[in-house]
Structures are given as C-alpha cells and as structure tokens.
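Right, one structure below, let's go through it.
For clarity, chains are labelled A, B, C, D, E and F in written order, and residue numbers in each chain start from 1.
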Amino acid sequence: MKYFDELTMIEFDDYMKKTTPPVVVVPIGAVEEHGAHLPLGTDTFQPLYVIEKLAERMDILVAPPVYYGLCNSTRNFPGTISIRFETLYNLVLDILKELVRHGAKRIVVLSGHAGRPHMAALKEAAQDVVRAEPELKLMVLSDYDIVYELCGQEFEPDDGHAGDIETSRIMAIRPELVKGSGERSKPEFPPFRILAHPEKYFPSGIMGDPSAANAQKGIKLNDYVVDQLERLLSDF
Amino acid sequence: MKYFDELTMIEFDDYMKKTTPPVVVVPIGAVEEHGAHLPLGTDTFQPLYVIEKLAERMDILVAPPVYYGLCNSTRNFPGTISIRFETLYNLVLDILKELVRHGAKRIVVLSGHAGRPHMAALKEAAQDVVRAEPELKLMVLSDYDIVYELCGQEFEPDDGHAGDIETSRIMAIRPELVKGSGERSKPEFPPFRILAHPEKYFPSGIMGDPSAANAQKGIKLNDYVVDQLERLLSDF
Amino acid sequence: MKYFDELTMIEFDDYMKKTTPPVVVVPIGAVEEHGAHLPLGTDTFQPLYVIEKLAERMDILVAPPVYYGLCNSTRNFPGTISIRFETLYNLVLDILKELVRHGAKRIVVLSGHAGRPHMAALKEAAQDVVRAEPELKLMVLSDYDIVYELCGQEFEPDDGHAGDIETSRIMAIRPELVKGSGERSKPEFPPFRILAHPEKYFPSGIMGDPSAANAQKGIKLNDYVVDQLERLLSDF
Amino acid sequence: MKYFDELTMIEFDDYMKKTTPPVVVVPIGAVEEHGAHLPLGTDTFQPLYVIEKLAERMDILVAPPVYYGLCNSTRNFPGTISIRFETLYNLVLDILKELVRHGAKRIVVLSGHAGRPHMAALKEAAQDVVRAEPELKLMVLSDYDIVYELCGQEFEPDDGHAGDIETSRIMAIRPELVKGSGERSKPEFPPFRILAHPEKYFPSGIMGDPSAANAQKGIKLNDYVVDQLERLLSDF
Amino acid sequence: MKYFDELTMIEFDDYMKKTTPPVVVVPIGAVEEHGAHLPLGTDTFQPLYVIEKLAERMDILVAPPVYYGLCNSTRNFPGTISIRFETLYNLVLDILKELVRHGAKRIVVLSGHAGRPHMAALKEAAQDVVRAEPELKLMVLSDYDIVYELCGQEFEPDDGHAGDIETSRIMAIRPELVKGSGERSKPEFPPFRILAHPEKYFPSGIMGDPSAANAQKGIKLNDYVVDQLERLLSDF
Amino acid sequence: MKYFDELTMIEFDDYMKKTTPPVVVVPIGAVEEHGAHLPLGTDTFQPLYVIEKLAERMDILVAPPVYYGLCNSTRNFPGTISIRFETLYNLVLDILKELVRHGAKRIVVLSGHAGRPHMAALKEAAQDVVRAEPELKLMVLSDYDIVYELCGQEFEPDDGHAGDIETSRIMAIRPELVKGSGERSKPEFPPFRILAHPEKYFPSGIMGDPSAANAQKGIKLNDYVVDQLERLLSDF
C-alpha cells in the first residue's frame, strides 16, 4: 500500500507500470455537522480510517482526499461547508481524468458522506469518465452503502446521520473527538419536500440513536466495512 | 383543474390571484427504452395520466411537461434520449423561477422517471430555487417513489424498470402500445460499478417481471398513486 | 408516421434501420401570452397540429415536443415562461446529438414561436451539431417562416403576434380555447431599443388584427403550412 | 465627441458627470471574408467610419471597438475568424455592465456585421443588462439595419454580403483596400437548412452585385447612415 | 507586414500558404486608469505602436486588437473597464483556435497590460490551445515583461503603473494625450491582501514616478521593446 | 488553535462567536512531481507543517486542506495531477463563501504550490468574494512568496522547484520521504513560450540545486516562514 503523495515521481511511475497496477482509491470526505457530539470531519475520518486498514491488507494506491462535499439537509447548521454540485462534479472529473492519464486501470471513489446529490455528483463525473474510457474499471460508493446493509439487523432500520452506527464508528476511530452522547432523534420530514430550512425538523442535527453507541460496535462496524471493501476490490 | 397552456393570459392571471392560488404541477417525462414490450414514452405517459386523474379531483394547474430526462443505465439501448445533468438542471431551474415570478406559492415536480441522477438534477434545481425563495412550498418526487412502497407486498421486492408494476400501469393507460409481454429479468450489476455498458447486464432492457403484469393491477396502481398524490397535496 | 414515444425500442430500431430512415421532426413550442383571446400554448398547438397533418401524408418520426422557449418581448405578461438562451441551446443540442447517436440522417426542428433569439438558440445548437456531423441533413424553421410569406398578400404586411393569422389558425385548431376576439393593435416600438418593459408598447399583447380572423382562413393557413412542409421535406 | 481610450480618468469622470452625460457608442466589428475584392475588416471599417462622422456632429463617447464577431455562413472561407455565441455574449455583457457601473445612462451598440446569431448575442447581452438596470436606455443595431431600408429602391432587393452597397461603402471609406471588382452572385441556399458547408453555395463569398458599386454611391450611403444615426440618437 | 483586416481573403490565403507563413501577432490592450495624466488606452497604445514599428522590420501579420482586459487593482477608478477572467480566457481561446484553423504556425500574443490575472487568462487560453496543437509555436508576453528588465538600471526598481517608464513611452507615442505630469507615488499595499478597495492605497492611480518621465526616454524605451521583440521573433 | 474538522458544531459555533473570532487558514496543496528525490505531496506537506507550527503560537482555525492544484509546467511528469483553472477557482470560491456564511471575518489562503495560474485561480476566487463582502479581511499567498525573499542571500537567486530550499524543507519535515539527492539543474526555457512539453527543458523535474540541501537549512527555513506568517497574521 502506498499514499500517492508520499511517492516520488519515479516510485509512482514504477508502481503504475507493474504487471498489475494497483487499484487507486480516492477518498471523499465532507465538512458537516454531526450533532453536538461528533466532529465536523466525521465523514472524512471514517473513509480515511477504513482505507488505512484496507491498505494493510491489499496493495492499493491512496490518492489525497477531497475534504469538501455537498450537504443540503445540514447546510444551515454551524460548521457545514457545502460546495456546489458542479464544483464537486468538476473536481472529481478532473482528478479521475488525471488518474487515467497516468495509467490507472481500476479506481475506487470512496465517500464518507452518503447524501444523494453528493453521491450523484461523484457518479456523474465517474460516468462521464468511463464513457470516454470504456476499459476503465471504476467504482463509486459510500462506506455507508456498506454499513447500512446492517440496519434492520443489529441496528434500527432507520439509523442514520450521527446516529448509533456513525457515533460508534467515530468512538472507535477518534474517541477523543466525541463530546458526550447525543440523544435519540428520528426526524419526520414532510414527504418529498425540498426545504429551505430542513434543520427545523431535526434541531439536534441527529437522525438516529447515538445514545446506543459504543466503541465495540464501532470496531466491529469498521472491520465489517474493511472486510467488504477487501472483497469488493478482490473481485475488481 | 386547468392545463397551463390552455389558459389565456387573463385566465391565468385570475387563477393565480385567487385567495388560495392553485398548486402548480410540473410533469417530467423521459424518452427511454422499456423492454421490447413497452413504449419509449412509458415514463411520460404515467405521470401525465395520474395528473389528469388528480386534476379531476383537485384544483391544480398543470404546466406543460418536460419530455426529456437523464438516463444512464439505459442510454445505449435503441431510442433512449438522455440529456446532460446540467441541461436538465438548468431547464427545471428556469421553469421553476418563472413560475415563482408569476406568483406560484406551491409547486410539485412529478417525474415518471426515477433514476437517481435524474431525480438529483430536479432536486438540485428545486433546492436552489427554494433557497432563494424560502416561502415557496416545493415538492419533487417520482410517482415511482409512491409505487415502490408497494414492493415487497403485492409485488416482488425488486420489481423495477419495465417490470410488473410499470407494465401493468401502461396496460391500463395505453394498452394499444404494449407489444406482447416481456420476460422476467433480474439483472445483477457488479456492485457500485460505474459502467460504460450497463446494457450488457440486462440485454432485454427489463428489471423485473413483466410477465406477471395485467391491466387490473395497473388500474389499482394508478389509483393508488392518484390517492397518495391527492393526500400529499391536500397536506401541502 | 410515428410518434417517437409510442414506439418500443425494437420498433424504433427497425424504423431507423430502414433503407431510407425517416425524417425526424422535433416540435418546439412556447408558453407565451397571446393576447386576452388566445391560449398561452398557442405556439405549441400550431406546430403540433401541422406535424400531425403532415404525418398523415409522409413517413416521418415525431420526437416529443419541447414545450418551453425563449420570449423576450412578452416576458412580463402574465403566463409567459421564458427560459434562458443557453438553456434552450443546450437542451436542443442534447436532443439533436442523441438523435444523431441513434442514426438519424435527416432532422427538422419546427418551432411555433418565431422570436429571433429563440430561433437563434435553435440554430446555434443545430449549427454546432452539423459542424461535427457534416453528413447530417438538418433544417430549422418556424412554421411562421412559412406563413409570413403570405403577409402583404392576403394579410396585412405586418400582421404578427396574436394577430389575424395566428388567431385564425388557433380558431381552426382549438376553437374552444379562443376567448372572444382581440382588438387590432399595431405597436410602434422605439427603433432598435432593448427594453426592460416592452409590454408598455402593446398592453394588449397583440401585434396585428385578430378581429379580422376566422376559422376558414385558419384552415387554409394550416393547409398551406402542411403543403409547404411536405414540399420541403420531399426535397430533403 | 470623445474617444473613450484617449481620455484620462479625470476627463472621463468629468464627462460622465455632466448634466446630460453623453451617449456611449460601442462599435462591434468582425473579421470576415467579403469576396476577393473587399478586405476582411469590411464590417469593422464601416461602423468605425460612420461613428467618426457622427461624432463630428454630436457629443458622443466612443468606446474601444470589439473587433471579433460571430460568422456562421462565411466561417470556412480564408480569413474569417468566428468566435462562439457565448464568448461574444459574455464579452458584450461585461462591457455593458462596466459602462453602467461608470454611470452610463444611454448606450448604443453599433455592429458592422449583421448576421442573425451575431446580433442575437449582442441583443441577449443587452437584454440581460437592461433587465437588471431598467432605467438604462440601450440600443443595439447594425448599420446594415439602416442601409438595407434602401434595398428594393436604389439597390436590388436582395443585395447583401459584399454586394453593391457594401462594396460602394468601402470604396468610399478605404478605396485602397478594394482589389478589383467582384462579380454578381445571388446564391440560392436550400431553404431553412443548417449547413456544415454553406460556402459551397457562394464560392465567391459574395451575395449581391459588387460590379454595380461605385464610390459616389458609397458616400451617399455612408451619409445616409450617419443621418439616420443622428436622428436616432437625438430621439434617444 | 500586413494588417489582418486590411487583406482580402485571397491575399490572406496566399500569405498563409507561403513557404514560411508569417508570425501572427495578436495585440491585447486594456481600458484602465493611468493616473490623471495618461489616457485610459495607455495599455493599448503601447503594444499597437511597437507592433507597427516591428512590422516595418519583419514580415508579420497583425490580427485586430483585443481592446478589453482584466484589471483588478484599478477597477474602481473612473474609466477602468474590467472584463471577467473567463470572458478574456474564452475570447483569446476562440481567436487562437481560429488562427490555427487558418494555418497559423507561429503566434505571438502581445499585451500592453501586465496584470497577473490578465496575463494568466491569456496564458491559460494559450496553454489549452498548444496542448491540443503541440506543433504550434506560441508566445504570450506583455511588452512590460521586456521593459521591466530595465528597472533597477536606468529606472527605479519598482517603477510601475503610470510611472516613469509608462509615462515616457506615451509621451513618445501620443504626446497630445498626456495631460500635465503625475506625481511620484510608491504605494504600500498590505502584503498578500486581496482588497475590495485597492484604490485607497494609491488614490492618484500611480505606482512610480511619472515626474521623471520625458519623451526621449520614451523613444529609447520603445526602440528597446521593438529590438527585443525583433530578436525574440527571429529566434522563433 | 483548532482543526476545523475536529470541532463539533457547537464548539465551532462558540469559537466563531468569540469577541475576536479566529483567523481561518485554508491550506492549499498540490500533487506534483518534485524531482526523483522528493515526494509528490511536497507542496502539501510544507504549508501543513508551517500551519501546524503556527497554530502552536496563535489562535487560528485550520480548515481542511485542498490537496489538488493547477500545475502547467510539470503536468507531463509521472504523478502530477493538475485540475483546471475553473475547477480550482470554483472550489476555492465555494469554500470562501461558506466560511463567510459562517461568520469568518479574517481568512488566509496559504498555498504550498506557487505556480502563477494556480495562484491566479486562488486570487480571482478571493477577489470575487471580497468584492461581494468588502468588510472581509482576506489574504492569499504561497509560503514560497515568503521563502523566496531569501533567494539571492543565503540561496542562489533562481533556486526554485525541487531545489535547495524545497529539498531542505522536506528534509526537515518528512526526511523519510526524501530519496537520495537530486542534481543541480537550471533549465533555460525559451522566453515567453507557452509549451505543450515544458518537461523537455528540465527532464529531471528540478529547477535549482537540491544537492546543496540539508535538514538544518530546512529547519531554519520553516521557522522563518512560521515567523513571517505569525507577523503577517498579527497585523491582520
């Protein structure tokens, strides 16, 4: 495993010219409120952590992360930085095109934030790149696409933003940044509405039950994500 | 109920100046393959039909439809016309801004096509309009957001594109355009992949079981959508 | 003749693979005030009508209409929905490119609205497509390009928006939507001015003499347009 | 009269603060073939000349010219430089906004080139500026809008590009740049077609009868334009 | 030497087909305050002058100038017209692409204005063109890139905008437009700040010592620029 | 000092509401070859390091870094990822606007990469933000703007990319990533040329003398940058 920005150009070149060039992983974070108890970088810390663990198991090349994402529902809380759809789209488009220019054959874009327009921006960029480069193998997912498979089993079916899962994971990854415990909150948004002020419906910034969280769960969850990613990339 | 383009400017003006101006409904269609048995306009006929029925029950103003949408997974089949994300976004943005300029207070964007990037384009446009106009009540949904609530109950859990539900509905709406019956097909896409050629995974263009479809189911489904829309708009 | 969205993908594919693939016609409408007597969809109803009649005579493929156009001079009247130049340009660009991708060799873009910037948007899109695809035969016109040839003969030389011709045609096409009769109005705009409020110069929204209109004239006019279109497409 | 770029900032400031600030004239040229006999700058020399003459009669402020325009039909001839619609639109938009920022109350955009998409770009920019600044008096025209009024009278009805009028005018303005005399050419374009190669229909690059041209006509024509502009601006 | 817009299309064509086609020079000006003593067109007059002199010595083809540039620090003074980065970028991109389309092999973009974002716009456009056309020889410079080499020698090290050099040059080129003499001003901007009102730091609009200027210096400076340009283009 | 993404929304909110809200620092990196001896992230490691040291001395809020920049001259070497001007511009524009929305009064954008178009993108974004928000105090610089002040004194006057200074600094910051020592290289680029292949002129990817570098120099250099930044921000 390598971090892209720690390689010299020669090391990078050698690496990409191997018989089987590595999978390049592009981590995507977000700066977004996660309740009063979790840090603004919650959606960044999670993918960076699982990628680090994954890299201990497989030969992957980790590109520098994109720290900024698109956050509509939490935009009006303190600290959320939401960039425009087209900004995120163009940034990821440029990065993917450059990776392809340097010979990447398999790329995974892994996002900690799972908001739909955010994911749509990543996927539209990927779609445009792969259409121009049909041989490229390209995967775009949020690690929450993996984690939410567990909802309805060990976790409440609608556990979500800053809830049990997310709190548990950050308790395992960056416990010193968890400030107390959030309260259970299951907001009911008016159906299908596009809202100027969605924050009115969940003033705590929480969608789930962080009070049920603990670090042990978090360790298990993170392991589960790493296992699943390993399996996905092995099949790649 | 009124069709926007059938009103004179005076009738329109009177209508918008009523104590309770009507909800304006913007129908969004798509031109997209729907198997060998359903017409390319399947995603247009459905919202136009339910809106017509809804208008028999409520006082709504129906804007002219947008016939073109964004279709990634079916793009390479014959007949699919897929416009770019930014084109769809800008078109809907312009229409919504113009409706607001003319005094619309409540708007529903109802799309027959439910693809994620397509819906994201509609919602991003709506989000930008509502942020500039926080008093506006704005709803964006696909009639499939409503219909899919029935999956896992009367329909297979993963019934989808050109499947049982969609075929039944078109059998009820435009039976003369249904050409025979499609075969059951439950494609397995490689997980999280962005594909240049998704059509390889479902060469029939079907995701579901159209062979189970019939017009009676379709009538019930369409009624269900109209009922739900009526309820949603009454609460608006 | 076929309506694009009524075909299945198989029917569409067969149709486009014929020895002489059909001319594809893309109807372009507008949502625009047309006096107190004509409906907002006047510029949509006219091309849709003549295309329907044309299709009874020739083998053409009718794409779904674009209902929204660009209307500067009437923008401030109730009901006019005017989209931006670049929005209209990009929408038509995307549609034309998709038709070419599916094998279209001859395309006609027929607009009911004849405003200059509106037509310029259609033509610039067409120009860019044809430059990339020089073998493509492409025609862009308003049915008013045809009708206005009759001005100075049977009609007043400067009959125009919502005037004698247009009123007569709608009386023939959708008589139930004509609400009384408009008064003669020949606005004098200050020459070459670009106006924030052009409506001040024709508060009735009329440029011509609708009081002279009748359905017989309209029938003749519509027939004339169909005849001319038939001739144009036969030479195509 | 003043040339904008010959003033110091103090002189400019004084000038704009006068009780009646001057009309600002923005000349727009083009670089475009005009047959084998006229220079590529034909559409620039004409407005610059009439503006110079006009300035001898009235107090106007002449902004630096825009030398580049949009030329579809002549694009493939040697020497034509055609910029994109959006480039021309944005350039003129920026210039107009800056003039307004500096206090301009009345602006005339005068173009030597009269092609429709070219004029549409100028007018759309002007429209957007005037909509944001409704008090602004803004005029956009080609000097050929004025000259062509004479067609059908002293000149052939369809005299046009590099024809009698244009050749006569350049013979009066820059006789040393006229190289012999072009031959009469009245191209017939296939009606309403958007062409990748319009030059096939007029290989001489001429639409009109330059062989009928002479400098005396040109002087009269130029005077006529100046007279008409003077009248237009006096009414402004 | 030739001026592009004075050639007929035939003359242009012959010229470009010569064994060694000429270097095409694209002059870029600006409309920008230059103190109370220099005209707004100062940055246009200088490159146009040296190009004219250069053309007496070498066979070059002079394209019509771009009169408008990007001026951040002087934007708020009377008379400065500053176009957006993307407008300037796109305009120069279009012009360069068109010159390449007509067979230009060597192009020099010479700007009178030397502001960094202005030069960056020119260079980014040039970079994109040369990347698509690697055989093209392309040079982008300000004549102040040449002149400032003399700073610290005959001129004060930080002589700049409307200072000794610039004033001397305009005294040699357009003496009738120089209105008195500006005073020495060496503004100290707060380091690295991006300012909404940079004009506060140099209310005279001067950065340098115009009181030291004279026409003799200006003649020498202009000659120096022409000499250097001749040398640069000979090596091209 | 705080890292933005380590704060909860409550901590962030408290922090921004202090009597004197902190300076927000936005680190900008690049992914760019730096010879065979330095890592691709060289331009990221340097600003992150000095900001960390600065934060030990002052109360600043460090936003998550932007890891990707614009690199024209090194683009064709292995490993350089260069995003488009407009992508970088829009990304920084969005981030700055969001910081302002959350109450930031003083912002420093600190870039490790100092390429001119890269810096121009950052500055144009900052210029547009500050124009809309004139009270905002905004600084944009590269830490190389500070370091290069030492050139001509302790370092060769034209030491640059991957040279003595940069190598020394990385030897002090991330010694384990320095792979041997690069050779002295002082490339001569053809003056003012915009090149498709600038790498031909410095195949080693070095502009300076890395063989003179050592960690002691690096420590001194880094301290010098931190001192200067401290001084700059104290005056802010």
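Everything that follows uses one rule, which is that a contact is a pair of C-beta atoms (placed from the backbone, for glycine too) under 8 Å apart; a residue touches a chain by one contact, two chains touch by 3 or more.
Source: prediction; values computed, not measured.
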item: Given chain B and chain D, the chains that contact each of them; value: C
item: Chain at maximum distance from chain B, centres defined as averaged CA atoms; value: E
item: Contact-richer chain pair (by C-beta pairs counted) among E-F and B-C; value: B-C
item: Length of the line joining the C-alpha centres of chain D and chain F, rounded to whole Å; value: 48
item: Chain D-chain E separation of Cα centroids, rounded to whole Å; value: 26
item: Where chain C and chain D are represented by their mean Cα positions, the distance between them in whole Å; value: 30
item: In chain A, residues with contacts to at least two other chains; value: 86
item: Pairwise touch network: line, ring, star, complete, or other; value: ring
item: Chain order, ring traversed from chain C with chain D following; value: C, D, E, F, A, B
item: Chain D - residues contacting chain C, complex; value: 72, 85-86, 89, 116-117, 119-121, 123-124, 126-127, 130-131, 133-134, 136-141, 145, 190-197, 232, 235
item: Parts of chain B lying in touch with chain C, wherever the complex brings them together; value: 3-13, 16, 29, 31, 33-41, 44-45, 63-68, 77-84, 86-87, 90-91, 93-95, 98-99, 102, 174, 177, 179, 205
